[in-house]
Amino acid sequence: MARWGMVIDLDRCTGCAACEVACKSENNIPTVSPDQANMGRAMNWMKVTAELEGEFPDTTMHFYPRPCMHCDNPPCIRVCPVQATYIDDEGIVGQIYPRCIGCRYCANACPYMVKYFNWYGPEWAESERQHLNPDVSVRPKGVIEKCTLCHHRLQKAREDARAEERELREQDYQPACAEICPTGAIVFGDLDNPSHRVASLKEDPRAMRLMEDLGTQPKVYYLRPRE
Amino acid sequence: MRQDVKEKMARMSADEQVLLRPLVETSRGFYIVAAILTAITLLGVISYYLQVSFGLGRTGLNRPGYWGIYIICFVFFIGISHAGTLISAILRVSKAEWRRSITRSAELITVLVIGFGAIQPIIDLGRPDRVLNVMLHAQMLSPLLWDVTSIGLYFISCTIYLYVPLLPDLAIIRDSGIKAPRFYRFLAAGYRDTPAQRARLERVIGVLSIVVIPIAVSVHTVIGWIFAMTLRPMWHSTIFGPYFVMGAIYSGIAAILVAMVVLRRAFGLQQYFKLIHFDYLGRLLLLFSLLWFYFTFAEYLTAFYGGEPGEMRAFWAKLTGPFAIPFWTMVMGCFVVPLALMSRQSMRTPRGTLIAGIAVMIGMWLERFNIVVPTSVNPRWEIEAIGRYVPSWIELSIMAATFSGFILLYMVATKFVPIVSIWEIKEGREHSVREVADRVAEYLPAGELAAAAEDK
Amino acid sequence: MRPSRREFLWTMGAAAATVALKGTQDVFWTAEESADVGWAPGIEERRNSACLICPSRCGISGRLVDGRLVRISGNPLHPLSRGGLCPRGVAGVQLLYHPERLTSPLVRAGPRGADQWEEATPDEAIARIADQLQALRAAGRPEALALAAGYSAGTMHDLWRQFLSSFGSPNYVADEYEDGTDAVMASMHGIQRRPSYDLDRARLVLSFGAPLFESWWSPLQAFVAFASPDEDEGPRPRFVQVDARFSRTASRAHEWVGVRPGTHAVLALGIAYVLIRDELFDADFVARHVSGFEDFVDADGQPREGYRSLVTRNYRTEEVSAITGVPVERITSLARAFAANRPAVAVCGTDVTFAPNGLLAGLAVHSLNVLTGSINRPGGVLFADDAPIQPLPSPVLDETARAGLAHEPVGSPRPRFGNGGEALRFAEAVAGGEAAVEALLLYYANPIASSTHPSVWREALAKIPFVVSFSPFMDETARHADVILPDLLPYERWQDAPTPVSYPYPVWGLARPLVEPREGMTHTGDAVLTVARSLGGGVGQSLPYESFELLLQQRARGLFSVRRGMTLGDEFDRKHHSQMEERGWWLPEHTEFGPFWDELVERGGWTDLFYDDTDPHRFARTESGRIELMPAALLHVLNQEGSARELYIDVAHRAGQTPAGFPLRLIPYRVSTLASGTLALERWLAEQPGIFPDVLWVPWVEVAPETARALDMGDDTDVWVVSQRGRYRARLKVSHGTAHGNVGAPYGLRHPDGTAASPLQLLDGSYDPLTGLASWLSTFVRLERA
C-alpha cells in the first residue's frame, strides 16, 4: 500500500508562492473580499509562510510552504464528532464535506493550522465560474476544508493506469503544487516505495518534520536549508 | 388576585402563604422586566437567524480564532449549571440542614441553564442543519461526543432531581386549588404524601443525590477535556478536568448567591434566605476563591516553568500582552474581590455576597474567555501570524439573549413552582430540629467514653 | 390596560413562532447544495502556449475542458522555464475570466474622461480609427500620429514599427522595461544590446541589486539556475545578493550583502581593487581583449589615468567600507570568492542604473565581468542572438511617409546613451505645446497610472484630439480615450513570445489561442492589419498579411530554413541537439514547412541551445575590437558636457543633505506576485502579495523597528507617505529587513477601493542625463499618521 508524502527542500524554495496559487486554481479555492481577508478568512490550502530572523543587516529568512501534513497520527481526525475527517489506507487525510457539521474542532486540534473554514458560501463572479476545475467539488458554506493532496488526481491517475493495464508510476500522480514549483523544491511520491525520490530524500540528514515532538508523524518532510 | 384564590390562600399555613404567593400574584415590575428581557431575547433570535442565513461569517470568528463567544458561553453556562444540582446534592448527602431553603432555587437554575449552555455549541456550528449527524455518524473518540453524552445524561438526571423533590409541593398546589388545577393534577402525578410515598420519595432523593454528583463532575471534566485533548499551548493540560469542575462550582455558588439576593427582595423571602445562609455560602465562596487561586497558580506556573516557546506565547499574551486587561480583571473578579470581601464576617451579608457573586460571575466568564481566545489566536507554530478576535454584534446579542432568555425563563418558573421547597421547610420544622439534636448528641463522646473507661 | 398573563405569553410565543417559521425556508440548506462546480465536464484537452504576462515569456500548458481554460501549468519542454511558472503565470485564468474585462468596443459619448460610452461593433471602431488616420495622411501630417507601447517584444513590436514607418510617423514611444544595461554594453563593447547572463553554468552569481527572484527580466531563468536541474553537470551556482534592503532575492540568495542605498557600484569597485591588488583578475584576458586598463593618452592627446590607476587610487577597502557600510574583510572575501569561483558573473540591476549616475555605476559593476574575463565564456556574460525569424520586408515609403519620417520624433533630443524616460519626454513635449500630436494609440500602456508624472500625461492627453486605447480593461488611461478597441487576452490570441535577452539562447515561444476569443474583441495585431489594408497605399503594401496568425507563420519560415535549432523538446532532445550542434551537425526533421509549423505550435515554440563562444564579434564591436574600460565616446561626451563627473569616480549616489522635514529615504520595490502593472488585480495574487502574512490587499510600507520607535508608530499604523511631490496612504509594517532610516515601499499596489498607492509618483524627478533613466533612489519622505 502506498504512503503518499512530500519532501520540500527549503534550500531550493524561493518563496515565490506559485505552489500556493496553483493549489488555489486546481482546487477551486474561493477568494474572499479584502475586508474578510484582513480578518483572517483567506483560504490557502498551501500557504507559503516566511520566517524572518535576526536584525538588519544580519537577517535570514526562510520560506515554509505549508500544505496539510497528512499526519500518520493525525490529531484532527480523532476529535471530529461525526467522522467528517478521516485518514484513508494510503495515508491521505480527507474531509467529507457533506457530513461536516462545522464545529471547527478539528481546526483547533491541528497544530499546523492547515484547516480552513467556509465562513460564508463561496463566491465567484459569473465569468470566473468558467475556470473552476470540474474534478473538484465546491465546498458549501459552514464546512471545513483543507489540502487533499490533490486526491482527485490520484483517482484519475489510477483510472488511467487501470485502463492501460499497468502499475501507477511516480510521475502519474503529482499534485498541483509539486508540478508547478519552478525550483523543484516540492517532491512528491510514495514514501515507502524505494524507487520514488521521496523515499530516499526523507532519509537525507537535512530532513526534518514540523513539530515532530508532538508525535503527529507528518508525511510532509522538510529539508533544512544548507548554511 | 381573585376572590376565591384569596380565600383559599387565607386557609393555608404561613409558609405556604408566603411561598405560594408569587404563583398567584404578579407585580407590574415583573411584566416590565419580562418585556425587556423578551425584547433582548428576540433580538438574539433575529441575530441567529441572520447568522444562519448568511453564514458564520457574521461573527468575528476567523482563522486562527476559530472559537469565540459561543464556546465561552457554553463553558460558562454549563459551569453555572453546577450551582444547583451539585451543591444541593452535596449538601443533601452531607445532611447540611441549612440547605432546606436554598436547594430548590439552585436546582431550578441548573435545569434551566443547561439548555442555554447546551445550545451554544449548536449556535456555533457552521451547519446546524446537520446537527443530527452527531447521532448518525457518532465518532466516539471525539471529546465533543463525550460531552454530548454527559450533558444529555446530566440534563435528564437534573430534571428528575428537580422534579422528584418538587412532587410534594406540586401536590400541595394541586390540593389547594389556587392555580391551573388540571395542570398541577398532571404534574403531581398522583402523589398524595402518604407516609409510604414519602419514605419512597426520600429514598429516591437520597439515591439521586448520590448519582447526580459524579455525572455533574463528569460534565465539566469533559468540557475541560475538549480543550485539553488538543495539543494547543495552554490547553493541553492535565489539570483542566478538575480545574473546570472547580470553576464550575465556583461560578455556580456565585450564581446562587446572586439569585438568592434577588429573590429575597423580589418575593420578600427574608425569613427563608437568612443571614446565616449568606454567611455559609459566603464562606464557601471564600474557600473556592482560594481553590481557584491554587488551581490557576498551578496551571500558570507549570506553563511558565516549562518555558516551552509555544506555551510562552500564549502565556505572555495573557499576562502582559493584548489579553492583560481581561486577565487581570479576571484575577480581580475571581480572587481579589471575593477574598477581600468574604474573609470578613461583616461582608458575608446579602449585599456583600451580591457584590462578590457578581464579581465572581464576571471573573469566571473572563476566565473562559482567557482560556478560549488567547490560545486560539496564538498558534503553536511560531511562524504563523498571531490572530485577532473581536466579537461581532451578532455574537454579542446572542450572548445577551442567552442571559436574558435564562433570566426570563427563571422568572417564569417562579410563577409555577414555589422557589423554596415548602415540604422541606415543613419537614425541617417538624422533624429535623429534633433529629439534628439527636444526631449531634450521637457525635459526642460522653457516654461511650465512660463505657470504655469502665471496660478497662 | 394591563395584559393578562395568558395574553402576554401568547404574544411572546406567537412572535417567536413567526420568526422561526419565516426563517426555516432560507435557513435550511439541502444536502446537495453546490457540491459540484456548476457545470458538467466533457472534452478535455491540453495545449502548449506561452505566458505573455511579463518579459520572461515562460512556456505554459493550458488544461481545457469543454473549451474553458481551467488550469495553467508549465510546459516542461520550454528550456527557460522547464515546467515551472511563477504565481502570476498560474493566476492567468483569473486574468482571462476577469469580471472587469470590457465586453465590447467603446466609443466616447460624453466629454473626455466622463466615463460615458456607447458600445460599437469592432468593424465600426476600426473604421473610425482608419478614418481618423486617413485624414491625417490626407492632410499631410502623418507625423502627428504617435504610439505609446508597453513591452511588446517580437512580431507585435515589429508590426507596429512597420505600420508607423509606412504611415510616416517617427513616434514609436516606448513605455516599457528599460534597465540601462544596454547603454553599459554599448559603451564598453560597442554592442547595442542588453547582456545575457549564463546563470545556469556560472559558479557564482554576484547580483548588484537585480531582483533576480522577484521582478527581473526572467525570474524563472533565475529560479531554474538557482535550483540547477542539471545538478550532475556541476555544483549549483552560488548566489550572492548585494542589496539595500532585505529583499526576497536577498533572503534566498546564499549570501546577502547589505549596502547603503546607492553605493552598490562603490562596492563593485572595492572588489575590483582587491582583484587588482592581489592580482586575482584574468590578466591574460585583459591583455588580449581589453583597453583602458592601463593609463593612456586620449583622443585630444591628453594623458589619462586608466582603470587600474583610478581603482587603486580611489577604492582602498577601508574607504569603500566607510562608504558602503560593508566591512573590509567582507569586501576582501567577496573579491576572493569572485575570483576563485570562475565562471563568476556580476549582474547589474536597476537599483544601480536607476540613479543620477546610473550609467557610470553600471559600467563599474560590469567592469568586474571584464576583469575576470567572464565575457563570452560559459557561465559569464554572453551576447546572444535573436531567434532567426524571417524579417519583415522593408516598409514601402510613399511620399507622405517620407515627409513624415523626416520629422524629429516628439520629445527629442534623446539622451546620448539610451532612451530612458522617453514616454515622459513625449508627454512633456505635448503638454508644453512644443509638438502637435493629433492621434495617439495606446498599446499595453497605461501612463496615467504608471507614469511618475500622471498630471503631465493628463495634460498631454487633453491636447491630443484623438486617442485610441487597445486595452482589454477600462484602465485609467483608457478612460481618457475616444475609442477603445479591446485587445484579445493572451490566452485567446496568436503571438510570438521570444524570451528576454537575459536568457543566453534564442527561444521563439509561441502563444496560441487556448480558448475561443470573446465575441466583439479584436486581436490588436489583426486590427492594425485591417487598418493598414483600408489605408491602402504604402501602408497597405507594407503589411500585406491577411491575419496576424499568417504573419507569424510567415516569420516562422525563417526558423524552418535556418538549418539549426529545434522545435521545443524534452531534456533528452535538448542535450542531444546542443551536443550535435557543438560538433557542427544538424539534422533536418522536416522537409515541409506545414508539419514543421504544426509541431512548433504543438510544442510551444522553437529554440537553439547552442552558443558559439568562438565568435570574436561577441567580445566587442568597438573600433579597436577591444572591450573599452574607458569608452572613448563616453569620455568624449563627459568632456563635452563639461561635466564634473568622472568615470569610475562618480559612481555612488550618496545621500548628501536630506531635504528638511523629509528624513527618510524612499526605496520603492516591486512585489514579486504583482505584474508590472497597473492592471486590475487577480484575486489570488492579492491574497499573496508580500512576506507579511497579515497584510492582504492593502498597500503597505516597511520600516525598521528603530525607525518606528523614533516615529512612535506601531505595527499596522495607517500612515501617509509624504514627499515634496505628493503623498499616498499605506499601512506601516515594522520589519527587521529594512535599514534604519529607509522606507521600503512596494509599488503596483492599490487600495481595495481602487485608489493607487504609488511611491513612484513621489519620486523627486531627478534622472541620469546620459541615459534618461529616472532616479528611483534619491527621494526622501516622511511618515505621518493617517
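Note that the chains take the letters A, B and C in the order they are written out, and that residue 1 is the start of every chain.
Everything that follows uses one rule, which is that a contact is a pair of C-beta atoms (placed from the backbone, for glycine too) under 8 Å apart; a residue touches a chain by one contact, two chains touch by 3 or more.
In this text the structure is predicted, and so the values were computed from the model without any measurement.
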Of A-B and B-C, pair with higher C-beta contact tally: A-B
Most central chain, judged by mean Cα position vs. mean of all protein Cα atoms, is A
Could you give the separation in Å between the centres of subunit A and subunit C, each centre being the mean of its C-alpha atoms? 32
Inter-centroid spacing, subunit C versus subunit B (mean Cα positions, whole Å): 67
Distance between subunit A and subunit B based on Cα centroids, please, to the nearest Å. 44
Where subunit A touches two or more other chains, by residue: 40, 49-50, 121
Could you tell me which residues belong to subunit B and also touch two or more other chains? 127, 130, 384-385
Subunit C residues counted as touching two or more neighbouring chains: 29, 31, 693-694
Complex contact set, residues of subunit B against subunit A: 54-57, 59-67, 121, 124-128, 130-131, 133-134, 136-139, 141-145, 148, 226, 229-232, 376, 379-381, 383-385, 387-388
For subunit B, which residues count as touching subunit C in their complex? 26, 28, 31, 34, 38, 42, 45-46, 49, 52-53, 127, 129-130, 384-385, 415
Subunit C residues touching subunit A in their complex are 29, 31-41, 65, 68-74, 81-87, 89-91, 93-94, 96-99, 101, 213, 219-220, 223-224, 226-227, 229, 246, 248, 251-252, 256, 258, 325, 672-673, 683-688, 691, 693-698, 704, 735-740, 752
Across the complex, what residues on subunit A touch subunit B? 36, 39-41, 49-51, 64, 75, 78-84, 99-105, 107-109, 111-113, 116-121, 141-144, 210-211, 214, 216
Can you list the subunit C residues touching subunit B in their complex? 2-3, 5, 8, 12, 15-16, 19-20, 23, 26-29, 31, 693-694
